Structure formats: C-alpha cells, structure tokens
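Heads up, the next two complexes both have subunit A, just with different partners, subunit B and then subunit C.
Presenting the complex of A and B:
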C-alpha cells in the first residue's frame, strides 16, 4: 500500500527534477566553467566543465569593454522598460476600457512588433535614421537614443499585453464603489485601479527589461562602438576567439539578476509576478 | 627717447611671443585636425589591437577614430541600408563571402601614393580598390592521435578524408562561413573542377558523410576536444589554438591545382562617398605596416600579407610545430604567394548556396 503511494511521488519528483536540470544545466555549466583554471587559461581555446582546477583568473581578466557593454545594456534595458511602461499602461487602458472604433485593429498594431523578426526591425530603424539624417541633417544612427528607441519598440508590447491581461480580469465594480463613495476619477485610478493592475505593470516592465537586455539582432544594426550592448560585445568577441572572460561576466550578470530578484521579493514580493499571470 | 625704446622693445617682445605661440599651435595642428575617421571592422580583440597601433598615430595628427563593428556581411548590410546617403563608415572590411561590397560599388579607388607600405605587399595581395590586411591558410586540421589509432597515414589531400574510417567524423564549415569556399574549391580541384565548376567538389563533400557543419571556430575546438570529430575543414589558426589547448592536431595544406594551400583573404577598402579619403588611406597604410602586421600575426594568429613580417616569422626557430614536428603555417613569402586565390569573377554566392543546399545540405 505504501509502495503504491510512494511510486507516483517518486515519478513526479523525478520529472520535476529533470525539468529543473534542463532549465538550470546551461547556467550551471557557464558558472562552473568560469572558474576553470586548466587548459582554458593556457590555450584560451575551450570551455571546460567541470572545471579542472579552480581559479578567479577570468574574473580578474574581464576586459573593460565587457564592463562598459554591461553598463550600456543595463541602461538601454532600463530606458526600454521605463519608456515601454509609460507608453504601454495608457495604451492598455485605452484598448481594454475605451469604446474606440477599430479597437481590435489598434490592439493588433500594438502586438505587431513581436511578429516582425527583430533583425528586420533593426534594419528598418537604421534605414529610417539614415532617411531622417538625409532629410533634416541629424540622424539617430549610432547614438544611445537611437539604440534605446529600437528597444522601446519591441519592449512596449510586453507591457501592453501584461497590463491588458490584468485589466481584463479587473472587477470594474470596485471602481464604481470608489466613485459612488465620492472619490474622483484620478483618486479612483490611483487608489483602486493602479494597485490592482500593479502586478501586470511589474511583470510587463520585467519582460520588457529582459527582452531588451538579451537582444542581439536589433542592436547589431543600431549599436555603435561607443554604445555596444553586452550580448553584442560577446557576439563580436566570439567571432575571433573564445575568451572565457565572457563566462565570468555572464556569471556576474546571473548573480546580479539573483540580487535584483531578492530585492524584488523583499520589496514587492515575487508573487506579484505570478498573480499577474506572468504573461503578455 | 628711452621711453620710446622701451615701448618698441616691449612691442617687439610681445610680437615675438605671439608669433612663437602661433607657430607652436600650427605645429601642433596635425594633418588630420578635426577629422573623425569611421572604421568598419571586426569587434572584440581584433578592434582593440587595431586601435592600440592606429589610434595613437591618428590622434597625434589631430584626428579621432570611431568604429563600426561587425563581420563584413553586417558591414555590407549597413552600407546597403545607407545607400544614397553618406556612407556609415570610411573604411570597410571585405572578404570572399561579401563580393557585394565590390560588385555593389561600395568601395572607391585609393591613391597608392598615400599608402607607401604597399611596397611590402606582394602584388597578389592588393589591387587599386583594396589592400589585404590578413590571410588565413585554409585547409584541414586532423587529430594526430586518432589517425594513429585508426592506422591512417598523415593526410595530404582532401580526398584522404573520404576514407571509410573517417565517415561521419569530419566537420565542414557551413555555407555562410568564409572558410567553406576553400573546402569547396579544394575538393572541386581534386575532382577535376575548380571555382568555375564546383559540382564535382560538392559530390565529394556529400560522400564525406559530414558529422556537422560548423558556424563558429569555437565549435571546432569543442568538437575536437570532445573527440566527436577527427578532422575539420578550417584555417591553420584553429589548429594552432587547438594545439595550444592540448589537443594534438596537425594541419594539412592540400595542393589546389598548381598551388599549395588556399588563401582566405581579408581586405580593407575606402568606401565610396567617404569624405575622409586621405585619412582612410592613412589607415590603410598603418594597417599593412610592419608594426600592425606583426601584432596581428602574434596576437590574433593571422598570416601577414606584409613580406617583412613573413620573412621574420618564417625563421624555422619561430615556427610553431605540431606533435610530429611539422609547422602549422607556411610562412615563407614564396609559400604565401603560392597559395591558391579564388577567381572572384567566377564567384556567385547565391548560385553556390543553391547548389550546396541541393547537394550537400540535403
């Protein structure tokens, strides 16, 4: 009898364990290999996992350009997430709440950036910048603003989708109750609507940040030597030789993400992301 | 009178100081004062090394360098995107896989008088539009120990890779990787064809039962280190890196028609419409200088088109040897001049890709 109860638990546990292993294996390999002090140090040729001997050599030899690129990536992603949120929240409110004619078309247009290959977006933005440069004598190609604008374009739909989903589930009777109790529209939005859709805003902003932070195709065309993102810097570097310092900086990014998640948990609670549905 | 003399002396002194200051600032103003040169080239350590030699020289002349980074395909696509407007870079990197850079008219003729270091290049490595700044010796590398285990002699030709014991153990570059053309032309030449007729080569490659088609050199090292493949079509630089990393590999430079080995060549050219042509030519000159070429050879493993550096590093004592005592690279100027070079007029990226997809990648 006990064995019959135990078997499903073991099976479920095994499946869950395998799924976790599948999800975490690349992270473990990258982090583990970044401490390798074996042949990689001498030959700079390959990724060694498990590490043959432990060293911080690669951490001490992260090139300044990787740190600079990390700074650019964080800045661009922060701008994309912030501007995407500022644009996306009112857009979601308009799409869900208004009675605009052609609402469905507008909603589709806001999703469109996600249906265009990012590489096409990169080329299209670059051509647009060149066009404006030719027309008005000033273009955004190679500038931080030009790079960030391309990222905002693909980041905003995530906020629209996530906040839109939160608004769809929203019980409008709560707003009606606030209004009937004397609150004006602004106070009702600030004290009732915003706190309830906040998980959707957090989730959307986080997705926007992640999409921007990990992007290569758009940055390929819009970045410059001064404003190169980390994934792009790694991509360029890997074309020539394998430098295990990229594993070290990737591990630093991983640890940084864990710290950020810890603070999100402490300040707002990770459950807000789950409550939002965690989707776009 | 005394007072007047005092005034005259003071005035003369002031004038002398002003003149001296003026002359000083004129001397400080370099040849490229106020010029911003935009160079399109590879990123990573490549750009860092180019800048370590070029930037101080250019800045000493009053100029400023900006970089547009990416592989030659990306650089070409940026040129295409900016077509009709000012080019996004003054200098562009060109390789075999981007014939569009030349055919599309994106490169203009340079003035050889501004590139005096051309005298150190063999005429095979420059023309009136572009200057070679790196060469890779394309061929194939093989695992010395695995070949010994299998009882196979040291290979000398591409066809040696067709041995049944190597079936499924050879890695080949994918069709969009620059190294693929050396392999295709090499196999074709051994089967009676060449770049004008690659079909016999593709048929042979099909028979290899290729283990995998690699896109990045990093994959080559991983495949060999894991023991998954015993031979790979690649340039000699990867053989050196693998050897340094502890995998005993040797490099083979098979004959291609009447030549030995195949040259993958990277060129630089001045873009059409560049407003900084003279500064771009200054860059080309530094690019092929002894100092730059030696640095790129030693640190990035390229074969230098510069003959002075070739001679210096063809000294047997300076050649890197594999576990059997055979050099990885051919470094004598006569050997480098004897590398097979693709006839660009016969080169058709789309056509070759179509044939590859129909024959090899099927």
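Presenting the complex of A and C:
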C-alpha cells in the first residue's frame, strides 16, 4: 500500500521541481553570466554560466545607447500605465455600474486588444500612421507619441479587467451607508469607493506597465532610431551581433523588477496580482 | 443618477473603440492593395495578395507550422502546469503555497527577452544543459535545441507555463476538497478519484486556459524569432520579415489579417465544439 502511494508522489514531486527549475533557471543564469569575464572568440565575447571569474567589466561597459533605450522604455511604460488608468478606471466604472444595453458586448470590445496578436497590433498602428501621413500629411510613425499610443492600446484592457473585478466584489451597501449619513456623491466616491478599488487600480496599472515595458512586437514597428526601447535593443542584439553588456543591463532590469515586486508586496500584497491576473 | 455612469463610460469608450476599429479597418484594407515590392503598393483594392498566400506553399506552411507548434505547447503546458497547480492548491501549509505562487509571479514578471536570453544560454549547443549532459556521458554530441522547432516549443513553454499554473490554480482551488475525500472513503483509488472527480470538474477551466494559451502562442513573436534562430518560420516571423526585411507592407497586412482571422476562427470553432460537448454530456447523464 505504501509503495503504491510513493511512486505517484515522487513522480508529481519531480514534475513540480522540474517546472520550477525551468521557470527560474533562465533568470538566475542571466544574472550569473553577467559577472563572467568571458572568453573572446573571433572578437566576440562569449559568456558562460556558472561564471569562470567574477568581474563588473560588463557593467562598466554598458553603452549609453542601452541606458537611453531603458529611459525610453520606462517613459513609454509610464505613459501607457497612466493613460491606461485614466481611460480604464472610468470605463470599468461605466461597464459595471451603468445599465446600458449590450454591456457584455462593450466589455468584450474593451478586452479585444488582448485577443489580437501583438505583432498584428504593431502593423495595424503602423499602417494607420502611414494612412494619415498620406491623407493629411502628418502621421505618428517614428514618434514617441506614436509608440506610446500603441502601448496605451494594449495597456487599457488590463486596467479595465482588474478594476472591473474589484468593482464586482464591491459591496454597494457601503456607498449607500455613506450617502445616507450625509456624504455627497463626490465625497462618497473619493472616501469610500476609491480606497476600496485602489488595489485593483494598482494591480491593473502595474500589469499595464509590465506588459508595455516588456513588449517587443509592437515597438518593432512603432519605434525609430531615436525612440527605441530596451527589449527591442536586446532583441536586435540577440538577432544580429551580441554585446555581452546586454546581460549586465538585463540584470539591472531584473533587480529593478524585484524591487518593484517587493514594494507591491509591502503596500498591497502580491495576492492582489494573483486575484486580478486571471481575467487580463 | 443612472445616466451618470453612461456619461463616465462614453469618453474612454469612444476613444478605445475608435482606436480599435480604425486601426483594424485600415490595416485590413491595406492588405488588399497590390504589393509591388520595395515598399510600393498599387492604388486599387484587389485580392492578389490573398491569392498569393493561398497558392504559395511557403505561406501555408508557415500557418500550419504555427498551429502545430501552438498545439504542442498547449498539450505539454497542460501536462506540466496541472500537477503544479494541483499541488499548490492542495498544499497543507498556506505559507508554502504563497511562496510557490510568488515564485511564479516573479518569473512571469520578468521581461520576455531577458528570459529568452537565459534560455539560449542554457539550451544552446555550448550551453549549461549540454555541458552537463556531455559531462555525465548521457549524450555523445550536444543536443540541437536552439535554432529549430524544439527551441521554439521550449521558449513558448517558458512564456506560458506561469500563466497556466496561475489559471489552473484558481480553477482547482474552487473544487471542494471534501469531494475528493468522499471518493476516497468510498473506496476509489487516488487515480480513479482524480480521473472521475477532480479532472472532470476542472475541465471547463482547463479548456479556457488551453484556449488562452493557444492564442498567446499563435501570436508569439519573440520566442519564435530568437529560439528558432531565424530558421523556424511561423506566421509572426514571416510577417516581420515581409515588412522589415522585404518592405512588403501590403503583403504584411494580408498575412496579419490571415493570422488574426485564423485565431478568431479557431476560437469560435473550439467554443462551439465545447458547447456541443457539454450538451452531449448532459443528454447522456
């Protein structure tokens, strides 16, 4: 009896272990290899994991181009998250609270950008900018606004989704209580509704930020030589000529994400992300 | 006061729907112009690009490869993610469950290109995996993973496993543990209990997550382009090449439209099949 129970347990246990190894290893390997001195083969540096010698050489040699790209990535993601929140919060309130006919259809259409492959979104925006350049002599191709608009498009559904989920759990009696105790509508919203849906807003904005920050396929078509994002730089680096400093800046980004996640855990708790992650 | 919320909804709705409708309409329309190559397109709306796509085996193969790779990833993904989600959902210690979930969240938060970079270092012909296997004497020559379809499957698995575990976890969590205990007390073996109680109850969630992951894989570009080493031509990779390398803007539009339409069609088809399946089962029981 014991034996029959042991085998499935070992099997399931090893699957779980392997999945975690598979999920976490690439991250650890990138961080580890960035400290490797590297061997030079035909003028190109090949880094390995585990590192053979520890050095900060690649960190000192991160090109200004990569730092600039990181700056663009952070700004685009910040714009996408902010505009996405400004659009998404009222949209979610409207969808959950109003009694318009066809509410399900409206909600589906708000979620539609997430069903479209990102590469198709990139091309669609590029074609649209070209169309306007042709028709009125002014298109957004290659501009920061054009890049950001494409990111706003995919960022908004995340905010709508997570704020919508928070509103659906919301107990309307709390608002009724505030109103009956003499608060006006604005005060009720500001002091009761907003604080309660705030974790949902944080989670949505954060998802929006991360999706925008990590994106390659949309930026691939909307970025230009002046405005290029870090993931795009890393992507081109891997496709054409590999610069080992890419590992160093990736590690900087990894540390940044860990710090962000740490603060989220401290402020609202990671489970907020879990609860609103599924319906994105 | 109800009109209030409609007013709140209208501005973002107009903006988002205009953006959605406008961009989608313009790019689908763009795909109907004749592609003259080197960035030039014709003036009239014609079907020539569509005819080219459906008669040239190069494009059809790309679509078929895309569907094949995505299906393999969905199946392997379910096989790997289900046990993990089940173990976390049924964990005795809540703290451990939280730690395991947090690890998944952390890994899915990392920018995809960085993860692909790590995967290439691990799975490359001179990578950590191959060096370990060679040192252990398990293989005689390095396994070729990066640069072919296996590499793309590995990359896509990495892309979707985290989502899948989180989605399946939230499904399995809603199945009461008492049902499992009841089955076990009445003499069902753990295997039988799983196949007859837990799995059927989680099936709707499994189907939904499979569909979402299939969509993600069909449109996945980064893993396909980098882990395929430019040799695995799935549709997103072909689209990128048409536009960036060959400046065939109209053709790129046509191919994107076909990718979009095939994703939508496959979704509608599977939802229809699922509903039929559900109805059929209702008739039997």
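Simple rule for what comes next: the second predicted complex is superposed on the first by the 229 of 280 C-alpha atoms of A that agree within 3 Å, B and C clash if a C-alpha of one lies under 4 Å from a C-alpha of the other, contacts with A are read in each partner's own complex, and residues count from 1 in each chain.
Note that in this section contacts are C-beta pairs under 8 Å (C-beta built on N, C-alpha and C of every residue); 3 or more make two chains touch, one makes a residue touch a chain.
What you are looking at is a predicted structure, and each value in this text was computed from that prediction instead of being measured.
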Which superposed partner A:238 touches (first subunit B, second subunit C, both, neither): both
First, second, both or neither for A:191, with subunit B first and subunit C second: neither
Which superposed partner A:220 touches (first subunit B, second subunit C, both, neither): both
Which of subunit B and subunit C A:111 touches, first, second, both or neither: neither
Partner chain(s) touched by A:20 [first = subunit B, second = subunit C, both, neither]: second
Partner chain(s) touched by A:130 [first = subunit B, second = subunit C, both, neither]: both
More subunit A residues in contact - subunit B or subunit C: C
Shared contact residues on subunit A - subunit B and subunit C: 46-47, 123, 126-127, 130-131, 220-221, 235, 238-239
Contacting residues of subunit A [partner subunit B, same complex]: 39-40, 42-47, 63, 65, 123, 126-127, 130-131, 133-134, 141-142, 220-221, 223-226, 228, 232-233, 235-243
Subunit C-facing residues of subunit A, complex: 5, 8, 12-13, 15-16, 18-20, 22-30, 33, 46-50, 87-88, 90-91, 93-95, 97-100, 106, 109-110, 112-113, 115-121, 123-128, 130-131, 149, 153, 156, 185, 210, 213-214, 216-217, 220-221, 231, 234-235, 238-239, 246-247, 250, 253-254, 257-258, 261, 265, 270-271, 273-274, 277-278
Partner subunit A, residues of subunit C touching it in the complex: 1-2, 5-6, 8-13, 15-17, 19-20, 22-24, 26-27, 30, 80-81, 83-84, 86-87, 98, 100-107, 109-122, 126, 128, 157-158, 161-162, 165-167, 170, 190-191, 215, 218-219, 221-222, 225-226, 230, 236, 239-240, 243-244, 249, 252-253, 256-257, 259-260, 263-264, 267
Subunit A contact footprint on subunit B (complex, rising order): 42-48, 66-71, 74, 77-78, 81-82, 84-86, 88, 216-218, 221-222, 225, 241-242, 244-247, 300
